[in-house]
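Below are structures written as structure tokens.
Each of the next two complexes has chain A plus one other chain: chain B in the first, chain C in the second.
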Partner chain A sequence: MEELGITLVRGIGEGSVYALVAMSMNVIFNASGILNLAQGEFVVLGGLFALLFLPTAPGTAVWIGLGIAVTLAVGAMMAVEGYVVLLPLRSSVEQHSWLVTTLAAAVIIQSLILIFQGPDPIVVDNPFGTFDFLGVSHPILYPVLTGLAILTFVGLRWFQTHTLLGLTMNALRQDLEAARAAGASVRRLQLSSFAIAGLIVGATGFFGAPLLGLSQSAGISFALNGFVAAVIGGLGNQLGALIAGPAVGMLSVLSIFTVGGEFKQAVAFALLIGVLLLRPEGVFGRPAARRV
Partner chain B sequence: MTVAGDAAVTSRHASSRRRWLRRDTRLELLIGTIVVGATTILPLATGSIYWGQVFLLANIYLIAAVSLNILRGEAGQISFGQGAIFGASAYATAMAAGLYGVHIGLAMAIGVLAALVFGALLSLPALRVQGYYLAFVTVAAAVVFPELLRAFDEHTQAITGISVFVPGVGSTLFLGMDWVAVAILGFAIAALAAHALIRSSRLGRQMRVAAASPEAALSLGISPGYMRVAAFGISSLGTGVAGALYVPLFGFVSPGAFPIALSILFYFAVVVGGESTIVGPIAGVYLLHVLPNNVLTEFVEYRLLTYGLIALAIMLFFPTGLIGTVREWLNRLFERPVDPMVSIAPLVDERQLAALSKEESAERPVLRVRDATKSFGGVHALDGMSLDVRSGEIHGLVGPNGSGKTTLLNALSGFVRLESGEVAIDGVRATRWSARRRARDGLGRTFQTPRVFEDMSVWENVYVTRVATGRAASLSPAALHNAQARWESVRVATLSFGQRRLLEIVRVLRSSPRILLLDEPAAGLAPEERSRLGNVLRLLSRRAGIGVVLVEHDLRLVWNVADRITVMDEGRVLYSGTPAELGNEALEAVLMLGRRDAESD
Partner chain C sequence: MISSRVLRRTTSALTALAAVLVVAATAGASPQKPSNATAAQPFKLGLLLPLTGPLALPGSRIRTAVQYAVSEINRKGGVRGRRITLVTVDDAADPTQDVQGVTKLINQDRVDFIFGPITSDGMLAVVPFETRAKKAAIGVVGSPRLTPSVMRYGFSVLLNAGEQARKMVAYAARRRWTRVAILHDSGEQGKSANVVLRQQLSNRRMTITGDQEYNVGATDMTAQLLSLKGGNPQALLLFPTSGTDVGRVLLGMQQLDMDIPVVGGYGAHFGADVARVAGRPAMTRLVATTYAAFGKCPKGGVPNLTKSFVNGIRRFNPDGFGTLVPALDLAAAVRDGIWVMKYAVEGARSTSGDKVAAWLERNSGKLGRGLVNPKVTANRNSHFLFGPSSMVLVRPGSEVSPGVYARADC
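Then we have the complex of A and B:
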């Protein structure tokens, strides 16, 4: 019973973080076809700023205010990354340059954190209390993260259907060439997608920092788990990501009980390979395009 | 002289001119061998133990980077997990030798085997997915690998590490080198040579074709899946050798030696040096590993930063890598403007075709389609389409855009699976055959956008496949042989669009097809090239008995050369018959359809 409670609350809570990372990856992917390998590093940055700037006993107003500031800052930083990543795509024939540039960005951010902060875990106090569920007390922050994921999903949906920027970005996903022909400034839209993704992961890192076990080298595992959630949900499918994230989270908490915590990442990896071999288009699916 | 005698002479010629190494790889291989040899032998011979060790490790990394370069540069695959394969080999070697007392030679063989198994596991998803999927899968493998070593601590001794006593280390054989140094140097040079050989071989060309265009590969009878497996196998083998050599060099392994950073180092070394260049990985490893770790030792905390910045800067300013950029400069400097003139007519040996025509020219149906249907999202691209093509016949297929011509070609060549209806090749039911099987059975095709490969020479573009046996040759081996010298020196990047089309047709013809599907072959050709193309098609169909399906918008060309014409609209046959039977009525109908099409746009 206790295990069930922990699996549900922690699994869905951690999974909401995967869902948030997956949704942020989808935003960039839909606009540019790029999957940002440095996405996890920006989660760590959000948490690092929480550690650096939060006073010892922050009031709710300070916490939220600073959270918004950090979210904006991380959004701006990812826009800078996006600018650099998009640069060679303008002229280069190497369409896979982003694999190298986003990975290089991850390495650079990691090294900067190492130089200025060191390799120690980023420990941030939890400003919220706990609640009891099925006989175990859990941090309230877990359901708060789930709320953040749902809020992000609704916000993105609204943005995509009610704003001009969102509508044109959605058009990019349908057909890049057509959007370009229709006069959309593709580069600026793609840059915006990086900024929006940065807002999502910046908020995730800041607000999730007390629970996420962040450290200088933790970024890649967030990117991986986020990618697993995105693939299971169907790459580019936001609703799929929102549902797949908590599913991956619960499975990964469950694997701690059954096979042991040291296999947590291995289980996610096995899940990824399994899905790719059996159903590469994801559980929610996408129609296959004509090949020739 | 008889035709048979001719063929014998030319085949002897052809084999005498076989080249093991591409011209441009020879110089690179020579430079690479000298650099690797010098950096290894000089420090050891002069007794500098520190630098000797530095460059031996660099050479081990070089072997892994070259192996990845074959995978990346030739087969176009992505792997951020080579460090894990390297680690699997090193760990298996160390466990066998250090924990179970196996002889070091045998232990290293076990290590290479472990790398092959691990590499096969890693390449499984590559059969289903490509690109970014593969990037994440392999990154995940690289992250999980050291974690698994720690999880199975009782077997791997992950916490203490494994020490291995290696006999013979430190006892100099010659020039200050022990057997380990000799082995590392030997394998490093062997890796460079293996890459140069693969790049020059038919296997290498097939890998590059499969990477650039899986459809083109299938249409030539090459299986892209097989090419990927082969590339992953070769690169796992090389990476495994590198990992196994790591153990005798250090005599100690622990999980910390194989972090994800090692995988990233290998990948960056390839990209920074220049994909598919022979000496690129040398530059990459020296710049990304030796420079920050062993030269700039005062700035060791900036090691990771330097390394990320270098990779980023290279990608931004020299997207083809350091050596790749140098190669481009040299190409531009030394490339004389030659007249590439790909033309088909001189390659067709009329005498030979005439000799064969007696038995081949009997008109029989080589291709038959019955009631084919196919729809895409509710639109009927093919709606009960039927078509008969006889040997020695040119069958023109015309109709407005969107009438289903290209879908029909794709269904014939096996890229599109029909919902209902039958396809028969030479009287054999082939509806369920794969594209590759159809290609092997003598069905050749070209594409609307020619699938030719820019970084390969004209000659390499033509010599992608083995010539089919048992079918009459369409092109004269002697004429092909004569064109070789000229074609070898011309890169496809310098060819015009029309020339690329003709090149694609030459490539298909070299595989001596029985059926030839041409998708708008005249687009982009000059008027005189068009009429020459028409003559050649006639000659090939009449004399070599090839059944040609000609999809073309140039109606005059079609009416001039086709024996039979089918007019398609909305996935169905509108008219069918000889040009004379169809007369002007059908021609006007086609023009009308085209106009309707243009107005509705």
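Then we have the complex of A and C:
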């Protein structure tokens, strides 16, 4: 029963972080065709702000208030990154300069953290303690992260179906050129997608900070695991990301119980390869028609 | 118009002046003062350290210790009269970057000696290049796989992970534990220590109730711990790289209500780093290996050289001293390593790797004077400068003075 408790609470909780990063990647990908390689660094920034600004024993109100402020700040920062990334593209996704610019953004953020914060790991106290479930005590923040992932999914769904901005961003996903011809301000919409993605990873970093292994070099692992979840779920598919993230998390934990901790990462990548072989468009993705 | 006579006189005067200058210059560079010419050339020490990436923290601590040792040596005349200058390459703890870095240090910077890398994987990657170039090196690596046949001209200031494993098992045997579990990280050192731990436990007929691995920097090891808890062990043998990881292990044990002693390798002794994650109360049953100069028995004192080293490096870098405290013993070993380099190059009268290595293998036992870790035991069978006699078990939760811990094996 203890194994089940750990698989359910911690596997899903850890996987929720992958899902959140995957959903934020999808937001940008749908609007611009760009995979932001600096996504993980913004998770670290969210956690770093938690370390810098959270008082020793914050009340829930302070924690949530500060979390919202940090989320907005990271959203604004990612919008700036988006501006720099989009600048040489002129809204086109045919070029691949984004590979270099997003990677450069990741390196710059890492270096800035190293210069101003130093090489120490970012260790944030857990202000909310633990709860007992199936014979094991778990940090309350695991279900909080799962809740955050569900909330983000529902919020994005509502945004994309009930707001003009969201509907227009959907149009970009379907046909960027047609959307531009119809008068959509493509650049502004793409910048908005970066800002929205920043809100998601900023919140993930801040609220998950006590559980995440944050350091100036940790960003790549978040981006990698988020990418795995995004591809398995189907690139661009938010429901796929929401399900694939926790699935990968649970499978990783189960692999520790069955084959040993040394295979944890390998299992996630084996799953990715398997899905790519059988369903290249991802479990929840739809095969894209190609114009000839 | 200038007359031809004036022109002739001016030419003669300039020729004479030039002749005087040539003579003076030749006299200045006469063979009577050959050492001055050599002294003008600095002794280039190449540093191959992670200043970014997952091991940036130990990398920066080690760089500070090297800088401290270099300042000491330069104050006392340098290496064979040559001032040491540092050429630093950041390898980000990545063996691929280690290969690029060592190639640059050897071929482009033409360094005399190399200090680093600090991972066993990195050292395994660079030794072929160092051996080919006959370049002597001292790393901060612990894998027992790094035998003299592998790193012919390479040495290490870190405690051999295999020797640590032997010490840990001997401690478990003295406590009469018969059933133990093993948890180690995914680095080369952790994996090779695991092999030795298993051998030693088997030799002593102790039961291994479980064996698990976690990735360096992992944040939740409860799944591994729960799997180990199922075997009902009397103690956990833990081989980590960083104190933060150890803190996460102790937190996981608390959450699983797993109240058994933990005997850790060197990475578990970084008391302040462990406490930052798990808090001091979680460390009461933690024991870890470290250098003998930084362990104190109840009736014993702290060695004077340890005290003077701690005071010296505090004066050298007052702002960074706080960051250095959890790893003062490592800083001392690194400082000693740089002094050993000086003695070896001067003893061998050469910087050539084969001569330096041969000299150190024969003479390391005579080098203790002035070193914080006075027992240098490198020989033809082991290139670890500090052997089992320099190693003790301490309680990382009981710091008696900065960087010095209460011994667990007195």
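In this section, the second predicted complex is superposed on the first by the 281 of 292 C-alpha atoms of A that agree within 3 Å, B and C clash if a C-alpha of one lies under 4 Å from a C-alpha of the other, contacts with A are read in each partner's own complex, and residues count from 1 in each chain.
As a working rule, a residue touches a chain if its C-beta (ideal position, glycine included) is under 8 Å from a C-beta of that chain, and two chains touch if they have at least 3 such contacts.
Bear in mind that the values here come from a model prediction, so they are computed numbers and not experimental data.
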Joint occupancy of chain A by chain B and chain C, clash or fit: clash
Touched partner set for A:Leu164, first chain B, second chain C, both or neither: neither
Winner by number of chain A residues touched, once chain B and chain C are compared: B
First, second, both or neither for A:Ala104, with chain B first and chain C second: first
Which superposed partner A:Phe227 touches (first chain B, second chain C, both, neither): first
Chain B versus chain C as contact partner of A:His96, first or second or both or neither: first
Touched partner set for A:Leu114, first chain B, second chain C, both or neither: both
Which of chain B and chain C A:Ala266 touches, first, second, both or neither: first
Clash with chain C, by chain B stretch, listed 254-262, 272-280 or 560-568: 254-262
Residues of chain A that lie at the interface with chain B and also at the interface with chain C: 110-111, 114, 221, 260, 262, 265
Complex contacts: residues of chain A adjacent to chain B: 35, 37, 84, 87-88, 92-94, 96-97, 99-101, 103-108, 110-112, 114-115, 220-221, 223-224, 227, 231, 260, 262-263, 265-266, 268-269, 272-273, 276-277, 280, 287, 290-292
Complex contacts: residues of chain A adjacent to chain C: 2-3, 6-7, 10, 14, 110-111, 114, 118-121, 123, 130, 136-139, 211-213, 215-218, 221, 253, 256-257, 260-262, 264-265
Chain A-facing residues of chain B, complex: 78, 80, 124-125, 128-129, 131-133, 135-137, 139-141, 143-144, 147-148, 150-151, 215, 260, 264, 267-268, 271, 301-305, 307-309, 311-312, 315-316, 319-320, 376-377, 406, 410, 415-416, 447
Chain A partner contacts - residues on chain C that touch it in the complex: 51-54, 56-57, 59-60, 92, 186, 211-215, 217-224, 226-227, 242, 244, 247-248, 254-257, 276-277, 323
